[in-house]
Amino acid sequence: MLQPIHLAHTPADLTLYVAVYREVENASSLKQQLLAGNTEFEYAFIDASMILSTKQALAAVFRAINDYLNHRLKSRNIHSEIVFCLSPNNNIGEAFRRFGVSDATKDLLVIKVATTPDVTLESVGRHLSTHVQGQESPFDDATFRATADLDRIRKVYKISSLAPKATGRKPSTTSNGIPNGENMDATKNLEVQILGLMALRGAT
Amino acid sequence: MIAIGLEGSANKLGVGVILQPAKGGPAQILSNIRHTYVSPPGEGFLPKDTAKHHRAYVSTLVKRALAEAGVRLEDIDCICYTKGPGMGAPLQSVAVAARTLSLLWNKPLVGVNHCVGHIEMGREITGATNPVVLYVSGGNTQVIAYSSQRYRIFGEALDIAVGNCLDRFARTLNISNDPAPGYNIEQLAKRGKVLLDLPYAVKGMDCSFSGILARVDELAAQMRAGTLKDPVTGDAVTPEDLCFSLQETVYAMLVEITERAMAHVGSSQVLIVGGVGCNERLQEMMGIMAKDRGGSVYATDERFCIDNGIMIAHAGLLAYRTGFATALEESTCTQRFRTDDVHIAWRED
Amino acid sequence: MISTTSIPQREAQPFLPYPFTETQPPPHLVTQGAEALLYRTHFLTPSTAAALKARPSKPYRHPTLDARLTKQRVLAEARVLVKLSALASDPDNEVKVPAVFNLEWDAARKINGLTEDQRGARRTTAAGAWLLMEWIEGKSVKDLLREWDSWFMATGSTASPEEVQAQVEAVKRLLRRIGRAVGALHSKGGVVHGDLTTSNIMVRPATNSSTSNGSAAPTIDENAQADDMPARPPNFEGEIVLIDFGLATQSVQDEDRAVDLYVLERAFGSTHPRQEGQFDAEVLQSQEGYRGSYKGANVVLKRLEEVRLRGRKKSMIG
């Protein structure tokens, strides 16, 4: 299921390799590798419950690549920067606590940017299948509809879910994961707001 | 045809004699004389004192202008004077002189809009055919473009004029008013290095300068108190730095609104007129912008940029040749006179 | 003697900021204004159409001032759009604006460490800011009303009076919806647009799924219809989307709102003489237009009368 992606506007050789794992059993050991600074584990390990859609994830990658190309990464490398770019604020530690892999992570989004030629589909696939214990899932919106924790996402991005009370309307309660028309709209609106907040992060 | 023009809407008294060949072709400047009322440093020119200056010098200047031009009285077709806009008392003293000459010589009068005088003289001197005009002086800040026999104002200063902002800052710094406060600010600015943050107030094609003046006055007070430091180096900020910052900011605003007007009307020519138009830094910045747009900038030197009699003679004669004249009973002047109020009968494009 | 002329020569390539110099197919230049160039391109994948608004550095101004202004402006525009997009969760919301995808505000940045190839041959030396936004499908109100005019000219005399009347009513409904959208922008959004014209008001046709799945292929042939004799009047169905917030400010002042309406009124009058007479009654005064769109609208419309009288007839002291 590891998927190569080329993002629009980025140099042709900067391929991304993206995979989603559900029911991950060794999240804490993956986190340990990151904390230990093991260069073998240079990935963006993202808690998939914080991801609403592929667009949100890829928009963060796009910003991280742009910052990488402009030589102004705020964190250690392009992979940590991807996690940071999901954040609506400038606190790097908080970004990792909220969006990065944690001991409690069940569903994991993994992103690898091929910044050097030796990073290939085979090398990344081999390494991940050896070290991540979980079920591979496709990187698509259907997966994220199942994994996203909408309440927590709204809370982290400080986006209210309720319609203004002034009109006395019923609040548009949305239950997770069922793509009826109204929820598609609500998810779309949420995505638009998240993209805007991610893009404006750090603007003073 | 020959006209004499009298200008005295602010602190410059100007008299000029122009000849426009009947068959067409470039106008000939037969004479163009000016005498400026210079107020002491730290002071602006007051209407009463300025009017007194104009009254004292007008007959001498007329005589000199005629002598230098070498024309006989019977060669003169009309007497042109500035009807407005400008300061009341100085305008009146020159209008009285024009009326007197009209009665004395039995020649028709032509009242001229000061701004139109600047535009027509600028077009004549530079050869710019249909430019966007930036008219910048002590009293006016306008971005103008011609359309259907009017000079239409696309943008303007919403409060004080840019020249007024510069003049008043010169007073704050106690800079000499000789030859002109703006000229002395320009010389100081050439030695300035530090760009301080000043408000930048552009709204569409309009702009505003009073907030900038208030801020730069504040900074000048801090500088005198010794508390103003360059944020980067920590060095003390100098009057030169303040003049530099002021110029860079206000001229950037002027170039921006001019560029917006050029994009709006699809023109690539820009003509700068008015006293502030002499400023070389403004001309340079405008030139860079115009070049970027594939166009060019036209500017005149101080003989024509700064208020003068020849532009009044020139614009007045253009109108006179279309059959326009101002009856003696109507030969008033007015402090307020919009550029777009004038019917430009002599242009047919 | 006095004129300084330079050889008329435009920069060979219009400004296109890195990394869009890498983009395949290359972004398509749509319009070029004094401040910004608008390109049609895509975001993340070719299936998401996007508008790229590029603000080149202005070489005439001091680099420090230039960086400050360019940054301020791209940020102001993006903030207004993000603020307005937050209203989208309100079911009553009537202000639709393009979503912000990404932006670059560091106009003076240096792109180091890339080879000449990576930078791309089209990269110009000047840096600048950019804003990547959702591409709004559909047509501007300006184009729609012009199409209506051509329909009317071509078939209005042969169509039945009922048909003409029905089409006049359709225009009126469109105008009232514009009034509501501006009212919602002012009241719910707390924003004044600053440059309202019929070119900046779009009608986006409804699609089954509201996700932006428009094809990224440039639709340059929008005028093609104008050449065919328009046998049918244009379709005004769809949602009103306001675009181009480059001069927008966050303000709730009656004066600013009234001036916003005045700018639209003047632009409308000069662009659509045939519909000019309907502007006041439908856009502004209708209960289904601006007047009925929020509580404070009456005060703003009162203020508009003053603004009209004042107009640009402000007298200047020489």
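Lettered A, B and C in written order, each chain numbered from 1.
Please note the rule applied: a contact is a pair of C-beta atoms (placed from the backbone, for glycine too) under 8 Å apart; a residue touches a chain by one contact, two chains touch by 3 or more.
For reference, the UniProt names are A = EKC/KEOPS complex subunit CGI121; B = N(6)-L-threonylcarbamoyladenine synthase; C = EKC/KEOPS complex subunit BUD32.
Please read these numbers as outputs of a predicted model, since none were measured by experiment.
Taking the CA centroid of chain C as reference, the farthest chain centroid is that of B. Core chain by CA centroid proximity to the global CA centroid: C. Computed centre separation for the pair chain A/chain B is 61 angstrom, with centres defined by C-alpha atoms.
Work out the mean CA point of chain B and of chain C, and you get 37 Å between them. Here the CA centre of chain A is 32 Å from the CA centre of chain C.
In chain B, there is no position where the chain touches two or more neighbouring chains simultaneously. Residues 18-20, 22-23, 41-46, 48, 75, 78-79, 81-82, 85-86, 88-92, 99-106, 109-114, 118, 134, 209-211 of chain C are the ones touching chain A in the complex.
The residues of chain A lying in touch with chain C in their complex are 7-12, 55, 58-59, 62-63, 66, 69-72, 159-161, 163-164, 167, 169, 172, 184-186, 188-190, 192-193, 195-197, 199-200, 203. Those residues of chain C that touch chain B in the complex are listed here as 2-6, 8-11, 33-35, 58-62, 64-65, 68-69, 194-195, 247, 312-318.
On chain B, the positions that touch chain C within their shared complex are 9-10, 84-87, 91, 114, 125-128, 139-140, 142, 153, 156, 195, 197, 200, 203-204, 248-249, 252, 255-256, 259-260, 262-264, 268, 283, 285-301, 304, 335-338.
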